[in-house]
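The two complexes that follow have chain A in common; it is paired with chain B in the first and with chain C in the second.
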Partner chain A sequence: MFTNYFKLAIKVLGRHKFFTFISLFGISFTLMILMLVTAFLDTELGSHEPMSKRDRMVFLSQVTLKNIETDTIMTIDTTIKNEVAVYDTTYDFSPNNTSTSNSDAGFAFLNEYCRNIEGSEKETFYSPGSSFDIFINNNKLTFNGIYADADFWKIFDFTFLEGKAFGETEVKNQALGLVISKKAAVKYFGENQSYVGKTITLEGKNFKVLGVVRTMQGPQGFNADVIMPYTNMTANQLENHEGFQGRFQGLFLAKTKKDRRIIQAEIKKKATQMVMPNPDDYNVLELNAWTFPETYAKRLWYDEDATKSLKKLFLILTSLLLLFVLLPTLNLINLNISRIMERSSEIGVRKAFGASSGNILVQFVFENVILTIIGGVIGFVLASFLIYTINNSQALGNVVLQFNGSIFIYSFLICLIFGVLSGIIPAYRMSKMQIAAALKQ
Partner chain B sequence: MIQLKNINKVYRTKTIETVALNEINLDVKEGEFLSIMGPSGCGKSTLLNIIGLIDEPSSGAISIANQQISDYSGKATARFRNERLGFIFQSFHLINDLSVIDNVELPLLYRKVSAKKRRFLAEEALTKVGLKNRMKHFPSQLSGGQKQRVAIARAIVGNPDIILADEPTGNLDSVMGNEIMDILLDLNQNNKTTIVMVTHDETMAQRTNRLIRLFDGSQVL
Partner chain C sequence: MFKHIFTIIWNKKRSNFLLFLEIFIAFLILFAVFSFVVQQMRNYQTALGFDTENIWMAEMDFSEEEDSAILMDLQNRLRSELLTQPEIESVAFSGFVNPFDGSTWQFSSDDNGFMMRTNGVWVDEDYAKTAGLKFSQGRWYTKEDLNGKYQPVVINQKFYDEVFKGRDIKDSVYTFNGEDSRIIGVVEHYKYHGEFSEEPNVTFFGNPIELNHFSRLHIRLKGEVPPVFEAKVSKIIADVTKRNDAIIKNLESRRVQNSKETWVPIIALLSICGFLILNIALGLFGVLWYNISKRKGEIGLRRTLGATKSEISAQFIGEVLLVSFFGIFIGLFFAFQLPLMKVFEIENLNYYYAMLLSGGLILFLVLICAFYPSNQAAKIHPALALHEE
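Moving on to the complex of A and B:
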């Protein structure tokens, strides 16, 4: 039966070339955009090197210090009682936030208070965001650097092309060694067989290359060229403001996905138990530990609560996705109604010879799915070409769009939903048509 | 084989009521070849559609092969049409995008029949109507007579008890019309298929077992 439907679907597509072109254009263009969006989301939020364990990660990336003072508001009510003025005074005490300071955490603070957190299997403290200007062969290179501890390499997963990461000993001994990305190594040294053992000068210090990794770009804008032991930071860089704040981020690897909530609660609890070093300046401490998607949402809506931000992000993405699928679907429904109307005599014949309404429904939905799959394949080819072009031209800066199997599966599912949705309404209408009326048309 | 009792068909709009069939009582015996005649608009095709279960009467009862069809659900009616009835239309109603053999296979698509058996039965039906050599052709490549023969092959491929033909020779010249009529008579006499045929052609009607006439929706003697 489906062979017959397939043959007919292909014939009908060939017969109405203009309609087919319009439909395929609509489907392939919409799917191309959808595939690009999913590729972008997968790149930003997916489980990729170096954050393959992102589902178990909790980031402590914001330490908030507040000064809360109690305001006293005195209200005097005057009433006349027995022709004498009576005064009624009320006092209202309400907390008032007079000053707030948001920053990354200080290393000493993390080191002292944030080890052995319940639910955490391992933790790393690292400082991203250092930038090094390098002048080489009359060219200026800017390298982004991360200062990290030895456990950094146990939580993040990089593909080493050669050499290895630094360990506890190197960190302890302030070893002048670093790990470099392949791209940065080529920029600095030129194309070479091996880079390990070579020296790279950053801010007057000669660092030895210990290892070369495939890439240091990852989800959530994770981007670096070199990573070195945090003990190489200057005292000034390591110094903490108000004892708690600094340039470090804490990253906790939960034992299980569920344990992330335990870590978050534990860190929040710690904040309430700590004695503030300078209570005259700041008397309240807030520690905000977020999961991977919450961190992403917080980057978009900094001032809002992480859970609210995540809900907002989810709502916006879902609405956009619905809009992208709904508009062309509605258009296709219209096109399909006029296309199927032309075939009312065929529907009449099929029903006269025993096709049930269900058979007719399945046939037209099947035909539409075939059309959508063809459109999907075209959209897939277009999207692959566009992603390749975008990555090659670096149109999105450091973001390298990923295109993998899961994206293909998502896109294929979107294709199917698209095909079924745009086919089912016209097919249902036609399947209910009276046979005698259908044969007359 | 077919029993119609007090069949009425009325088309209603907001302003007008048109009586298409008025108190039709009809009994068609098994193996009979009945023709229905009457002027245009007298309700012949409506009556044939009601017998073929592709239109519903406004009132009255239909019984085919001792089964009360009015009790059937949509799906059961579809199955009944598929297994017991075959249709031949004046304008052939072949699917132009399908080859001759695919058109003939159509009723078998809605039965549990393997693709191989479908092809075998369709070839057999086409052989009966003398069109085996045109299997791979498309309807647009055939003459009117050939198209009607394909339509007959499609009607008989499922081996139905009853064939309902709505002016099967109406769009054909007399030679082709006679050829089609010969095939129908052969099916009636040799296969014992019950046939109900609507026609305008007195000569064709005279070749059948019985003739009934309609006028303004009523049966006349």
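Moving on to the complex of A and C:
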């Protein structure tokens, strides 16, 4: 039976080439864009190296100091009563935020107060955002560096091509060693069999290569070329400013996904218990730790509250995606409804020979699924080609889109839903047609 | 005529409803995308206000140096050392607020009897010529100004228009950042957050907050230089400051990078929209063509009763337009909630532009798609059409 349906479907597709083209164009391009968008989101937000444990991560990257003073606001209202001006004076006391300072956290502060947080299994304190100019062979290289502690390697996961990371001893001894990405190593040393043991000069200091990792690019714009022990930073860089601020971020690995909320609450509570070093400058400390998706949403909106930002991001993304899928589906339904009319005599004949409404329905949905699968294959090819071109041209800078199996399966599912949805409404209408009416047409 | 068209639409409300829904959703999507794009493009239209080509910015760290005499000497030596290079035209020091760095220093006060909110930029007396600022009024500050009784400040035109227009700035003394100041010049633009950012109200201050605050060095080159020269400059800085951690950034590539962050989503969104539009247009064209060819009997009858060709095509186009108008109208109802509720930080005017653009584009599209099939329909010979029935 299905072979017959299949033959019929192919015949019908060939009959009106223009309409088939319209349908295929709609399906394949919609799927292509869906695949591209999901590939982008997956690259940015999926659990990839080095953040495979992203679902248990809590980031403390913002220390906010505020100075809140209670202001007295005097308001004088004048009204004319019986041709005499009457004054009505009100006093209003309200807290007024006179200055705010946002910054990363200081290392000493993190080290002293943010260890052994409830719900946290492990924590690492690291300082991203250092860059180094290197002039080599009449060429300039700019390396991004991260200063990190030993636990950094236990929370982030990198694929080591050779060598290994630095441990507690290296950190303690201020060892001049670093871990480098393969890409950076090739840039600095040229293509080589092995890089471990070679020396790189950064800021006049000679660092020994301890390990080479496959890549130091990850979700959320995580991007580095070299990572070295934080003890190599100057005393000034390790110092706290205003008591709490500095150049470091805290990353806590929760025991379970649920424990992230405990860590967030615990850190928030910590802020209220701190004694402010200069209450004249700043009298309120706020510590906000965010989960992985919240951090991402916050980067997009700069809202004070990342949970709100995340909701906003989620709402916008889902509604846009929904609208985006709905439109081609509607288009297809519209087209199918018009086109299916020409099949009415066929339906009449089939019904007259005893086909049930269900049979007719299945046939038309099947035809549409065939159409969407063909469209899906074209879309898949187009998407792969586009992803390849985008990665090659580096249009997205350091972001490298990856195409993985789960994306394909999701897209295929969407493709099927698409086909069934756009086939079922017109087919249902036709299957309900009276035999006489269908035959007459 | 309208009543007639409306009756026809009403009689076919089922298939017209789908068309209506499609137009409605297309309008919403286009409106959302255009609101964003219009906002960005209108920001893009105003000039940056400073040059980026052949300008470098060196970032140094003076935070550990607390002796102001040593620091002053160091800065002077650095300046004169660099100026001896024939490739360098001028150099200037600045504080922590710099082009494309994303840092802001905002303050507000009502010390002058009116509320003013401004973004401070701390740059020295050589900055105007190093960055190529253009003046609409007055001049930049000089070394003498900086040592004078009043703090000299320069503001940008936007700040002037917003706050100081109609006020006397030549002789009046205003309080800026707690100090008595004179506004000695107004620059045309200074969009230091990038080409797609909204221009902020800017005030330039010539004296650093603390001496070690001036740790960024702007270098204006006379023209293209080989990469070796950058290494040379880096070496000079390292020799004078006795530190190896200076970073040299090329302002032009920073600008390109900064703008790319907005160009990429704009191009992505517009190409998605372009595809959607094409998709809708093709679908619409197909449906209209098909539907009109199904109504040959009706056309034949009308033609026999004396309707002209143009009346026939007017009727079909009128039908589709009315349905589209309705879809856009309902879409507008939802779209108007955004400027009213102020959900996003987008200027109201941009929303109105976006409404106009998306509505216009859809109508244009519908017209094009309806034109060909309706014309085909009108060409049908009455006898032929009636015969078919």
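The rule is simple: the second predicted complex is superposed on the first by the 420 of 441 C-alpha atoms of A that agree within 3 Å, B and C clash if a C-alpha of one lies under 4 Å from a C-alpha of the other, contacts with A are read in each partner's own complex, and residues count from 1 in each chain.
Operating definition for what follows: contacts are C-beta pairs under 8 Å (C-beta built on N, C-alpha and C of every residue); 3 or more make two chains touch, one makes a residue touch a chain.
Bear in mind that the values here come from a model prediction, so they are computed numbers and not experimental data.
Peer 1: Quick check for you: in the superposed arrangement, does A:Ala352 touch first (chain B), second (chain C), both or neither?
Peer 2: first
Peer 1: Considering only touches as defined above, state whether A:Pro328 meets chain B (first), chain C (second), both or neither.
Peer 2: So A:Pro328 only meets chain C here.
Peer 1: First (chain B), second (chain C), both or neither: which does A:Leu439 touch?
Peer 2: First partner only, chain B.
Peer 1: Check the residue A:Tyr428 against both partner chains and state whether it touches chain B (first), chain C (second), both, or neither.
Peer 2: neither
Peer 1: Comparing chain C with chain B, which touches more residues belonging to chain A?
Peer 2: Partner with more touched residues of chain A: C.
Peer 1: May I ask you to decide whether A:Ile33 touches chain B, chain C, both, or neither, giving the answer as first, second, both or neither?
Peer 2: A:Ile33: touches chain C, not chain B.
Peer 1: By the touch definition at the top of the document, which applies to A:Asn4: first (chain B), second (chain C), both, or neither?
Peer 2: It touches chain B, and chain C stays clear.
Peer 1: Would you sort A:Phe25 into first (chain B), second (chain C), both or neither based on which partner it touches?
Peer 2: A:Phe25 sits against chain C, while chain B stays out of touch.
Peer 1: Which residues would you name on chain A as touching chain B in one complex and chain C in the other?
Peer 2: In the superposed arrangement, which is not itself an observed complex, chain A uses no residue for both chain B and chain C.
Peer 1: Per the contact definition, I'd like the list of chain A residues that touch chain C in the complex.
Peer 2: The touching residues are 18-19, 22, 25-26, 29-30, 33, 131-133, 135, 138-140, 142, 203-205, 234, 236, 320, 323-324, 326-328, 330-335, 337-339, 341, 395-397.
Peer 1: Which residues, counting only chain B, touch chain A once they are in their complex?
Peer 2: By the definition above, chain B touches chain A via 46, 49, 52, 54-55, 74-75, 78-79, 81-83, 86-87, 89, 93, 95, 97-98, 102, 105-107, 109-111, 115, 154, 158.
Peer 1: Give every residue of chain A touching chain B within the complex, in rising order.
Peer 2: Interface residues on chain A, with respect to chain B: 1, 3-4, 7-8, 11-12, 15, 345-346, 348-359, 434-436, 439.
Peer 1: Please name which positions on chain C make contact with chain A in the complex.
Peer 2: Result: residues 15, 18-19, 21-22, 25-26, 28-29, 32, 63-64, 226-228, 230-231, 234, 238, 243-248, 257, 260, 264, 272, 275-276, 278-280, 282-287, 290-291, 294 of chain C touch chain A.
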